[in-house]
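The two complexes that follow have chain A in common; it is paired with chain B in the first and with chain C in the second.
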Partner chain A sequence: MSEIASLSTGARQRQGSNIGQPMTRRDGVLKVTGQATYAADNNPEGLLHAVVATASISRGRVTHLNVEAARAHPGVVDVMTPQNRPKLAQDPDAKDHPFMFRLDLLQNDRVRYAGQPIAVVIAKTLEAATEGAALLAPTYDAEPAEVGLDGESFVPQVVGPGAPAKAEVGDFDAEYAGSATTLDATYETPAQYHNAMEPHSIVATWDGDSVSIDMPTQGLGMAVGRVAGLFGIPPENIHIRSPFLGGGFGSKGMPAGPQMLGIIAARHVGAPVKLVLSRQQMYGPVGHRGQTRQTVRLGMKDDGHLTAIEHHTLTTTSRFDDFLEPASNVSHTLYAASAIRTTHAGTRIDIGTPMFMRAPGEATGSAALESAVDEAAWKARIDPLDFRLLNYAEVEPISGKPFSSKALRECYAKGADRFGWAKRPLEPRSMRDAGGRLVGWGVGTATFPAIMFQAAARAVIRADGSGLMETGAHDMGQGSWTALHQIAADGLGLSMDETEFRAGSSDLPDAGIAGGSGHTATAGMALHRAGEDVIAKLVELAVNDENSPLYGAGNVGVVARNGRLVRQDDESRGEPYAAILERAGLAEIEGKGSGVPDAGPREKYAMYAHGAVFAEVTVDPELGQMRVTRLVGAFAAGRVINPRMVESQYYGGMIWGIGFALHEEAVHDKRSGRIMNANLAEYHVPVNADVPAMEAILVHEDDPHVNALGIKGVGEIGITGTAGAIANAVWHATGVRVRRFPITLVDVLNGADAG
Partner chain B sequence: MNRFEYVRPTSIAEAVAAAGEPGSAYLGAGTNLLDLMKGGVTQPSRLVDLTHLPDLGQIEQLPDGSTRIGALVKNAALAHDPAFAEAFPAVAEALLSGASAQLRNAATVGGNLMQRTRCAYFTDPASACNKRAPGSGCDAIGGENRAHAVLGWSDHCIAVHPSDFCVALTALGAIVEIEGPAGRREVAMTDFYLLPGDTPEKETVLDAGEMIVAVRLPAEAAAFAGNQRYLKGRERTSYAFALASAAAALKIENGLIVEARLALGGVATKPWRVQAAEAVLAGAAPGKEAFEKAAEVAFAEAKPSGDNAYKIALGKRVLARALMMAAAGTPERMPALPASPFAPLPEGVVNV
Partner chain C sequence: MNLSLTLTINGEQREIVLDDPRVTLLDLLRERLHLTGAKKGCDRGQCGACTILVDGQRINSCLALAISYDGSAITTIEGLAENGALHPVQQAFIDHDGFQCGFCTPGQIMSAVGLIAEAQADGDAERIREAMSGNICRCGAYQGITEAVLDAQAKISTGKERDAA
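And then the complex of A and B:
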């Protein structure tokens, strides 16, 4: 059944297609009235509460847990530890494919990062479980922890989810050595945590060998696969509902260890169990963005043309698994140079495994590359926008492939015009506001690949002429319920109100993963194809039926419009879907479709969304305090399904870029390895007062190659370009180049004092 | 379990009697205390809920011209009280620069005075902290201490006092009215907080069972209304604690400073009145030169307690700027970003 009630949100005049219309969220009223049921809102009969006890050391062994004290606490039902945890069908440390991450499921007494689950207390109330967890009072055999970038490094085979760690075109060493001007600069980015508003949670109910699960996930299909593997049960025995997510940003892409512990706990106690992480517990077992130290070397001619680009990234991963932030790879695509070399190295530290986090690689890599390009532009005394245009990549530099479409010039032009960039003085420290504060302007180029995964969808037209579209898609808050519904309705030639749209459940056709900014393209294409399929079947019925006004119209073509099939050469001749089904004696007709990347065009073309972000930063020259006062982004990402949602995605990404540039950092105590700011008071993200007047410009772009709908994806690109633009604006304001993120007032003051 | 008794007294006398029990804690809005209890940082055995007591929610003008603020007045209510904000604009500005609107709507005056440090080692029960567990040591020393104190710290504790409100109160010579088992007494804000020394767990002069009933601003404090500001340097534009802040109040007559009242926040283990710096300003012409000199004097004793030497330079600049802003005159309207460097600046204040 549908996970969201159909809501009337007032009269809406449909103008042509639904695609392209700025529809408000279909689930908006449910959310703002508290009727949207998030995973942890479910309370099945007989529910017990589980609380995870976590390690306070970063490396070592648990030597004792006071299980007796916890068990003795009133309301505590049981305590699950490595001693009594039910057997699993699969070792949590097994790894069969790059999207499979090793989990901490109480397999032994080892502690490999602070915040690792070491026991689970199950009780009749949340309070009793919480107290039970506290009573465990663990003791440890602690070993020295390492949490920085300075340990022993290694050269990985792959980075990110499986990209080559090294790529090269041309002869970098020769080009760099022969350059008229060079830049060699090293940038650092800290560990960052996703901090979705909704913590990771799960409600699990077993019935024999079947399990019913409510949990937020960005990948229902993969979650089913992981649960099936761990518990040794067939996928059809697993039913996961995930209608709403309070944000995911990559941290809910793969099932997290604590969520799996909730399922294990439910099996252990033989009752439904709810497990919800606290904010603090989200700093450890649910992924983060790894630290990076990136060295960018640029060589250029006297006229500012880049000849050589090298981007090397050293990044952290855990002691026990690999996820290496593929930061260098952003240098494959953005700027033309005859020689490009990108490399990566990793270092293992005592942390939870890093994970996909909004624009993994692109966000960190772009912050460094855009800073370096800005530094090079200044060396050449060329306006940083002109410098970027001078080095504009007409084809993808690393591969030589043409772009499937690239409206970046228009992004630069529209953004610059709106921002007033033409008035920017070349020299830093040359603008002030009315109060005497320093003002700087910076630009950054945004990019993100147009990725597609695999998705399936089912389309139905019912006897009454209404439609149903199903795909197990995920709405992380970005508006999938709405955008995909728009595509679904158009696929059936119906209005949105005539089209029931179902998503958010593993019982529906697999919609792939809501990640890589590819969900709308992938699930959208599946819906589009399912619509084509069901309409084709309907056409087949009509054109072969002597009693249909469309009889014999197969040759001229028939199209679906407003719930009717009509002749393409004369739209006045046709009939409603209902009439066709009625004559055929059918209660409904069904079609299927899949969304997959087209191998041919993907072989031939480089496919990316692009954008340009312009930032104004105001800096107090004496106090060093900084504030982004204006932000304009212009983005071209193929076809826009819903401009309202897309604009919001750009805003969200750009605001995260503010946080990346000026605020976000997980601070580890270097002795214990523990994160000392694992809460939203001390782990700073931008607050309203940090978010300036901002504007996102949607630049028109037609892409005939990415997919039939022309969709690229908008979920992640906003954060790229923005952090660099802000760093560059800080430099332009102050003359101080800070190469460590987040840029703090101390950096600015120290830089000003030094310079 | 951290089982605690919950007591809801109906009079101050009842409250004081109830809190005489060892391990008791007074509960105001609980915006800080309840978090600490949930985090296992403090474990009071009895909560004495003051929020239902009558008569502690008033802002009154007393016959002697002083202003008396009841301990249960909400931070937001005080900051937005027109008469109060007109008489003590820097106090209102400090209040509005603290926490978030939601917290200010809940938090009380007495609770603000009694809030605990945000030192991460204090709030993390797995860390050593002499304030939380006397004698256990101080993991902030040698740890992540960018935000820690450069004034007033000891080898036992380097944590800063987090309040903005108390800084402005301290500058203006506020007096704390205390009720306790031995009756009523009054203590100046400057004497209310203790230096950590070797007993950092003992933060105030309050004895067991004693409670704050009111804070009083003396009549003479209102004489500074025309030239007073609070300025707060921090890492984001709102909802962040001060790295360095200052309250500056000046009485200016015939172009000369007659009297100055100065206090520092975010840099010291308690709200830090700087009377030596005030003395420098008495009789001086307002201006950059005098203000920078006062700032030097204010931080003469400062020394880094870790990775925080920047706070000395920053603190001096914040104080000098607060003085420049105060000298320029209290703004007619509260800035939209109170105490922020990004609030509108009087002309000529920034000249670097």
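And then the complex of A and C:
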């Protein structure tokens, strides 16, 4: 269990000049020396500190705030409440599009969830602002709060950011009724909180009607749009810098209310303001993964072939806005059956609005589906991997579309081989380790769609032959500073060092959003196209210039290689970029490109990354204590830009799968509605000791359809499949099937007693 | 109220006058001295992002009141590299991809330096995992972190043997 240094993974072959190389992070030195600047590391001259006061009830209204006491505290500059908050150009409750979420910006005295901001104290020091916020001592008119899944439900129009809430192929009822064997099982997943290590923060400085902002965001362009709307200023008056995010996982996709309060506070006091949320304050206004109760019904023939799959999800959203975890939709894709039906229902409770959280829908949905499929395999007395292969989807079951590529069989094979799956006994509770602990092995299938958004990029080749590539991309740890730089350099036919790469700022071309595992594909394609554009312009100059060795070579084709343009039919004939620009008398030449999903192929093909995760757990038979002792994931996600960083994404995702399966749960007090464990000591996330030797196998996959670079996306798939694999391993170890996440030792012990 | 204290921070002696007894060591470093390498992830000693060395011992600086540390020698992430050469732990974190977003990294690295000095986990990955568990990494870079600590520990002890010979 401790021999991790010996594990090395393959698929590090060189695929392009820079693309495909496992280079270390370009921002590595900055990050290991403390020089990488996150938003809260900025301390402009004259900075004031703002601290948010938050509601301690879940529903009702604020009846009094002791503003006088706060104001009287030495160092406090002002207190901002609904009474004196500067007017906004837009109602914070307006919702113009599905990606716009309603914000709590002190618009009134209502409290709609615990942790909602109710005032902001601005002071000369952080200590004074913190004390001032405590002195507000709010009183409330509290109303009964609901925080569970058992209230009145409704059928939503859409789930997630706009996916259909219902889909059906075939006649589920008939197929299910006619099945030889059926499974009807209900699984529950709790509210989970992103808990990026970096709390949401902002430093805002106004200059007249212009505002300069340091703020972590996964979507610079959308953040600019939101600020422009709220403050009624043109986008060009807004400059947001977000060179590094201390993690996002979806919680920094849209600007959060408290960050906007920092900008309002800065305007209110006429000085630069820093506002940083406390850890506790991140359990409310910055999103979370909603609770789900999922019912999966499977019908199958005697031989284990699935004939009917139904996946129904009941999930929570807030009283005042909609984000419904699209958990059922994972069943569109994974297993073949002649009838599939997926449905959703929502229930409104007194919480902050749920949000995208790493693999929204796929994480929760696959935890349930992978558990159910395992239960069905046991009913059929078929090895769970064989059962998955038996029901392998050759085309996307819900749509009938072929997959653009799907190397899932290779993932199963390579993962199983590495794990040693062939030795798995079919019966549960049949393996023990040297210490007498029960040992179990489980498998789960991983999948995530290959999403693309829209991005733009700018490419420049300078007089000295060096290059510049710009796109307002975001690095929240995936490695954009490195992977996109690799794509940028290849796009210009230059080395990394000859290519300057700029990102992380709103004054660069809009790179879309770092989410949906689509950022490398989207921003990468924009860079790729910008490179093609600037090279084409350079070629145009050369082939029309009588003094160029490439004169007239337009028909045979010219390619860019190592800072030179050369004839495709004879690469010894060509000349450096610098020579072409010098003769043309140009200081630089510019190209532009955009990254967009290609409608044609997307109409024709289903596009997903796939993987298989194998887990080993040990369970103490007396105490029920569980540990994941081995995890092997094999993933196929199209072209790999940087295998070192891709491995890290898979590891991170798989560790989130451990947290999902065994640790993470926000526990609400049923009477007050408040979260009782809103901190990192009691909301458990995996720590180093929870994480065993892991292996991520990068399975080769060429995809000619997803985009010209063949990139799918790797940020979220690791969590899918893993939670189910661990739950299945717990069952295999103990014979106890726990249908509630996280699985606790109480569940295992109670189940063993019941069994 | 004036409260003065002397701290040696990254080798440099600093005379500090505080106007407030509530200032933590972390907030002193970050907000008043603008040494922002140490990070605030929870302010409750639960995440380890603020880990620094005080007189060679790793501590959570968010739980330490600055005025209690008069006369102490403090090392932060900014003081680890010598003459531009990365400390072996810093280099190992890069080589093993022991971080993603980088926010917990200063704390992880200071914790690793402290751990290696404690000589409690020589070459044992399982003990390293346990001893590094006060430093949460939400990105899940634990595999690389453990590998990095093993690697750095080996390099540091090889270096010491060489120096002794």
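Criterion: the second predicted complex is superposed on the first by the 739 of 755 C-alpha atoms of A that agree within 3 Å, B and C clash if a C-alpha of one lies under 4 Å from a C-alpha of the other, contacts with A are read in each partner's own complex, and residues count from 1 in each chain.
Here is the rule we go by: a contact is a pair of C-beta atoms (placed from the backbone, for glycine too) under 8 Å apart; a residue touches a chain by one contact, two chains touch by 3 or more.
Keep in mind it's a predicted model, so treat the numbers as computed, not measured.
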First, second, both or neither for A:Lys31, with chain B first and chain C second: second
Partner chain in contact with A:Gly652 - chain B first, chain C second, else both or neither: second
Touching partner for A:Glu131 - first (chain B), second (chain C), both, neither: both
Chain B versus chain C as contact partner of A:Pro428, first or second or both or neither: neither
Partner chain(s) touched by A:Gly442 [first = chain B, second = chain C, both, neither]: neither
First, second, both or neither for A:Val687, with chain B first and chain C second: both
Touching partner for A:Pro258 - first (chain B), second (chain C), both, neither: neither
Partner chain(s) touched by A:Glu198 [first = chain B, second = chain C, both, neither]: second
Touched chain A residues, chain B compared with chain C: C
Intersection of the chain A residues that touch chain B with those that touch chain C: 131, 681, 686-690
Contact footprint of chain A on chain B as seen in their complex: 1-2, 40, 100, 118, 120-121, 124, 126-127, 139, 142-144, 146, 233-240, 243, 310, 313-314, 317-318, 321, 337, 340-342, 344-345, 347-352
In the complex with chain A, residue positions of chain C that touch it: 19-20, 22-23, 27, 30-31, 34-44, 46-47, 49, 76-78, 80-81, 86, 90-91, 93-95, 97, 99-106, 109, 124-126, 128-130, 132-147, 150-151
For the chain A and chain C complex, residues of the former touching the latter: 1-5, 24-25, 27-38, 40-41, 43, 49, 75, 125-128, 131, 195-199, 244-249, 276, 278-279, 475-479, 644-645, 647-649, 651-656, 679-681, 685-691, 693-694
Residue ranges of chain A in contact with chain B within the complex: 56, 73, 131, 134, 435-437, 618, 620-625, 627, 662-663, 667-672, 674, 676-677, 681-682, 684, 686-690, 744-746, 749-750, 753
